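Submitted below is the structure of interest, expressed as structure tokens.
Note that the chains take the letters A, B, C, D, E, F, G and H in the order they are written out, and that residue 1 is the start of every chain.
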């Protein structure tokens, strides 16, 4: 349930097509649905502006499908991240309108009416191998109705590739930078622009990258003060916050 | 040099009070001044919207004072963080209009004309011991002309203290949460609001806090997707990004 | 051998149905049975109040089955944790009364006479993915004749889910909280109640969760002083201690 | 404010010595007092059974003294941990009835009426150097009206010292074990008794003890399932939980 | 080539059955054989008293077999550790007198004449799961002609099991203790005896055992000063040093 | 595009066989080719003296093959590292002149005219298991037209093996040392020679080698000041830098 | 009390100069003396062959002096390690026969009759800065009546220094090697000799030595199988075990 | 003793001004001088091309002065690093020609005849706080007769500062880059040039820089393959290797 469906409900009360008692019942159900292994937080959209999202890793395909179906039933857009192919098959079989994005390992269901995208996010990746994380971020932001510019493979060892896309950076309301190895790209990007940069360390690399810890530490120690950091490989979280910033920024008249 | 002083310069050229050659000379000086031990990036304000800031730790009082004085001469607001008392004395002696904030260990110089604050940041601290970091964030944001609401000592072990200030949270464009020990507060706050939350792990704690590493890891693993993280004790960096978000958000309609 | 079977033995001596020599022989056997690869500590029940438990991981199905069978022969309840399906099949084939709990990966054998449960434990999990660990705790506590209330998926990012079950928390003698990611739930729960809280970090999460280390550190640094911690994913250990506390607490009045 | 003072208040209302309005005012003040740098949680005693405690480290002597004085004014017992000598001097000057325990670095104020201690805790230390932490635990437990048996310097390298005090272990409702270096003592104790053991790793040791991390890891991996762990050097937290267990256990019969 | 075969060679020179030139040639070959991917150190036996040993992990079955065969050809006893089944099959096919010990993952070839064992090593394991490492130690020591007493599953949580075998400990010249989890056993054993104790941390455990790091740190911090430590799971190394000590010790009287 | 093909292009302009406009077009294409998932940096050869190299790990066989083919089309030598067999098959099918080196997991394509090798690199490995990394270094250096002397299995536990090849060390312009376990070899080699030593920690070892971290730390702490270090298992990077040094050194006289 | 004083006591009983009751009383006192903050283990000498030793760090000068005095009173040799100058002054004032070794930070008291040293230990240090740890080992071994050969500053970066003292190595029954930085020396020494090598990592070094962790890991991963390891900077522990080995070895015919 | 003084010695033999016996004596002294606490490796210059250097940290002023004086007596240039002011005073008092460089914490003594510098090193620092390490490198390189270009405060957050000095980079034979925080500068520099880059992580930074570990990991994971790394804050080691490379490179005719 999101703001729109809430207003619809209240309007229905006003117009008499639903009794206050029935409306009250629906509102009372709102906080969450307890389906045994999970408590679905339908309320979240109202509270935080964006719907709860299913983290499919560690859940069985059956569990993910059940939660996905319940959420779909409430009429909101739905997103499941870290979904493998068997999970995706089961979800799409249950909800044919759902779409699987294999590179991003995400399943999306668009149920809200399409409107003009609000806000603009540039998503950079340092190398080809960082692409799955960058795609997770892109798919998330697009489902949440934000314009995305993808700028992939612009790592710091070939600086001219980054300088070439500088103009595209300055148009964005917020920038997401996905990088593994030494994680240097966010610092360089942060020094070039005047908008927030959200850094996503990726687990790309070998040896002393320690599964992304090197990139994570590098980003946390960025000398550019407009850089904040999310968890390793957490493209979804970066996009979620970026959408909040982009929406607020875009509303400038 | 910031946008305003740049436009002034160009206007002076137009009006003939300064020759194009002299203006050109000043612009050529802009990118940075090389004073031997440092290259001052006056250009930064133009490029990123906020002035470069002096990180005083690891610099001698003389070095900090020299950089501070050069920056002051360019007419912008100036901020030095991590400044101890001897450094502050020397800076204030050189620039009497500068103010030392001992709790925040920051020196500020306000030279821009006072205007209505743009945007609103709520700054929370989990405990009394986290206050210095929270104050560093507050002083930074206020110098950058943003409204700050301080909500200190609202840690999760006494949840009613946090729930009591919930209304004040929802008014902010962005929230900074400073917490040491287990670093749980950002996740709880993140679940209550629909704006970005910037988490600042502090080095408060003992034993297995490992100088803030426990709080840092906790925040990076937050189950609230609107949480991003900065370095341990980095109140300044959190405020810098928060100001960028608050400004953009505040310009709504 | 537990206290009851010991008293039975001594009564048999008193009544003359067993000779002192034979009784002595049985008592001499008590400390442990040496079966080559293991020394079974039948004595433990007498010494610590609860039977020794088989940690099946790293043992072959044959080894686990042999130890399980020997323990079963002594008449006590038996528990094997971390048992995979092949091990469970072999054990159940040997001891048909044994039950396999696949979600908890535990095998139980109830041989003691059913009595009214003693004491009451609430077991919380932060997310659906923490359920296997929470179930291991629940199965353990139930075998040891304690009442269990399961409260799953009540993580801190949706605080109202936790506040809704607050009444159920206050009825318990002790609370077990299983959480991965940032491990914040025990601190919040600890602040709401006046009973001991046993925190179980789980290896749920990705990136900088470092296989549960982030949750572990968070819990160790809890600002709620009624929180103690066990090893990552150690649902069994948490339940074992919780049973000891619940039994003692329940004997009030 | 604790349960006793609450009942007193309500009795005063009943007897008419205080008006409902005034009582209501006092109750409304209860949750916490906001004194700027801290929000004192007077409510805690009611909610969790034991008063909030002041963690003096990282607070100025003035801050600690102010919080201590406010708490004292509400009539409860008060405890400040990690207090250095200057802080203690200032607190005792303000509240002459307060007592400083230098070995434990704790300040206590007993205001409740003395009653028979409830419950019994044995506190063990592995070596002489672990004593400050063990004393912090002992002082805490005694202020909270629990009987304490101190058994110091009973480390595992001289096992007969531990076996000699075995009888004293079996009389306790709960056992606290403080140990640095390899942290082996809790496992050995845990195997000898049938009550909960709370392990406190200490930062005693050198080299690869890594400031207590070795002992912490050892205790978390204890093969005795009745062992739970608190933070390094956290004698207070261990005692707090032990008091909860001892009280509940002591009420038997 | 070992001391015996060297003396034989020199005797042959003395007796004229081999020319000095031919002997010199054989001695010149001694330091090592370069077979491309490896330089076999036949010399080692002469230099250090025990033959070089093949570490089969990370080598192909073909490589291990080739090195094994070359070593066998020089007449010494041969040992390969960390050998999987396919490697063992290939080696035994090439050298039918070689024996595979699957539990210890070791291949041995006894070529020296059997003599009375020299010295006595007790090998303890804390739990059943530590057995493979303990067996690697035992097989190594036995090949090197030392008497071995196996004392398995005597962990500290059931102290009476250890105290029962105390007599067997005091007969040994040196003791090897294999333990995972908290690694407490070596400290306890070290306090009971007056001979060197070699501690082998094993990777047995879960969660915060961090693949044996917890046991390793515990053992390094042992409060018993007669404990030294080898690498995690390094049963071979422990036995190698133990054999050196046992041989020297056994030559008493 | 490398210097030679650039000069050819410019000569063609001079001689009129290509118009300045066409040449300009080719030069404009130089910086990189954007093929969607990657931006190929043909420019690199000109800028840094050696061509960009494909890091195949984390790329699909299709992606690697496409990038390899594009690079091959520009006429330079091409190298792909960390290529598994399926990737190699697909690349060699597309570019039959490419060669797969399975031990080094590298694919090479030699397109430049063969000339006398420039400079001389000695590559040492401590053990047989370090060979794959040493081979990656050797294949890289040979493709880049440098003479390589392989000295494998010369670890410090049999010092005479190293001392025997000492003469071969002193002939090299630079030395690469690959070692796992304790990583001691570079320090010893560094003390014997007067040329730069590049240390490559390998992930060979078990237990507390922590996947090469022990060797890495050892090498970083080398007491020989002519030792620098690259990432764990990074044979390619070591060779790349070594080639730069060897080329410069070789041009003496 | 050691074996000699025990036999004296028993002889006194036999000869009637002490009554059995009085002897029994003295024997009953033996296990330990409880002096409040410490339980002195006089029994240890009898049980393990060497007296208990005082670890002075973390103890007050008064505590160390009291324990030292009690031990001295029992007639054995006494050793205190990690003693600073104020502690030494107080001990020597109380027991004038005690000697302070400032470089080793050790206090020794020789009370046993001087006899011919038993066994021979070579103690090596890699650099001048490792000397304090090496001296702690040497002082310990000498007090325990073992011959010590000091070979300092023979680090691997100047291999000829080590090779020059090779003969002195081969005469020892056991070798202690103290090294910081990369900790390579034990592996090299281990490869040269046929006796046990006890490696002592020291906290000498900077940066990535991480206070000795680099040396520790290096030594644990030694490719020489006759190397065992003790804690960082634990010269005492190394010497204690070395004395046990040297004594046993020296008793050869 | 270096090559020049050796040739002088041999010439003196040839010319008869020194007898072969005396020369032999001097050569026999060469390998090292044993002065008790140190073995001075005069031989090193001959073996590796550069003199041994004194690491003053952890040595007493007396020890450093003694070693410095002995080295000075052999006629070579002498360098002591990590020397504090008291040590410097004592050394300069003993050897008045020695010079103390307080920023670099180094003492130098130039005794060789001044010649044209051989080779050219560019030394970059990311920020003002990295300067001491950069200066240690510069002083070292200059003593070893290499030309140094200092380029300080050119961190990646203000990329134009780096791009401005690009020409100066391309003139150097080798580049040293000192950077703390995220350690991104070497990767960016490495991508711009075709010479070896030696990266020096510095301990500058706070929080999650973990005393330089973040920068170290970043540099080890550099995506520029011409980057090798030395220990944290090891400006000396970087310069030592850089001098070897610069010399070899400079000899290009």
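By definition in this document, a residue touches a chain if its C-beta (ideal position, glycine included) is under 8 Å from a C-beta of that chain, and two chains touch if they have at least 3 such contacts.
All figures in this text were calculated on a predicted structure; none of them were measured in a lab.
Trainee: Select, from E-G and C-E, the pair of chains that is joined by more C-beta pairs in contact.
Mentor: When the contacts at E-G and C-E are counted, E-G has more.
Trainee: Equivalent interface to E-F, which of C-D, E-G or C-E, with over half of contact pairs matching by residue number?
Mentor: Answer for E-F: the repeating interface is C-E.
Trainee: Hey, which chain ends up farthest from chain H, C-alpha centres compared?
Mentor: Farthest from chain H by mean C-alpha position: C.
Trainee: Measuring between mean CA coordinates, which chain is farthest from chain E?
Mentor: So the farthest one, by centre of C-alpha atoms, is B.
Trainee: In angstrom, rounded to a whole number, how far apart do the mean CA points of chain G and chain H lie?
Mentor: Each chain's C-alpha centroid was found; their separation is 39 Å.
Trainee: Per the centroid of Cα atoms for each chain, what is the distance between chain B and chain G, given in Å?
Mentor: From the centre of chain B to the centre of chain G is 55 Å.
Trainee: Pull out every residue in chain H that's touching 2 or more other chains.
Mentor: 127, 158, 191-192, 207-210, 213, 216, 220-222, 231-232
Trainee: Determine which chains touch and list them pairwise.
Mentor: According to the stated criterion, the contacting chain pairs are A-B, A-C, A-F, A-H, B-C, B-D, B-H, C-D, C-E, D-E, D-G, E-F, E-G, F-G, F-H, G-H.
Trainee: Quick check: in the complex, which residue numbers of chain G touch chain D?
Mentor: Chain G reaches chain D through residues 31-32, 36-39, 41, 43-44, 52, 55, 57-59, 63, 67, 82, 201, 203, 211-213, 216, 231-234.
Trainee: For chain D, which residues count as touching chain E in their complex?
Mentor: Answer in residue numbers: 126-127, 155-159, 180-184, 187-188, 190-192, 205, 207-210, 213-215, 217-224.
Trainee: So in the complex, which bits of chain F are touching chain H?
Mentor: Those residues of chain F that touch chain H are 47-50, 53, 173, 191-196, 198, 216, 220-221, 225-232, 236-238, 240-241, 244-245, 248-249, 251-253.
Trainee: Would you pull the chain E residues touching chain C in the complex into a rising list?
Mentor: Checking each residue of chain E against chain C gives 127-129, 131, 152-154, 158, 160-161, 164, 204, 206-209.
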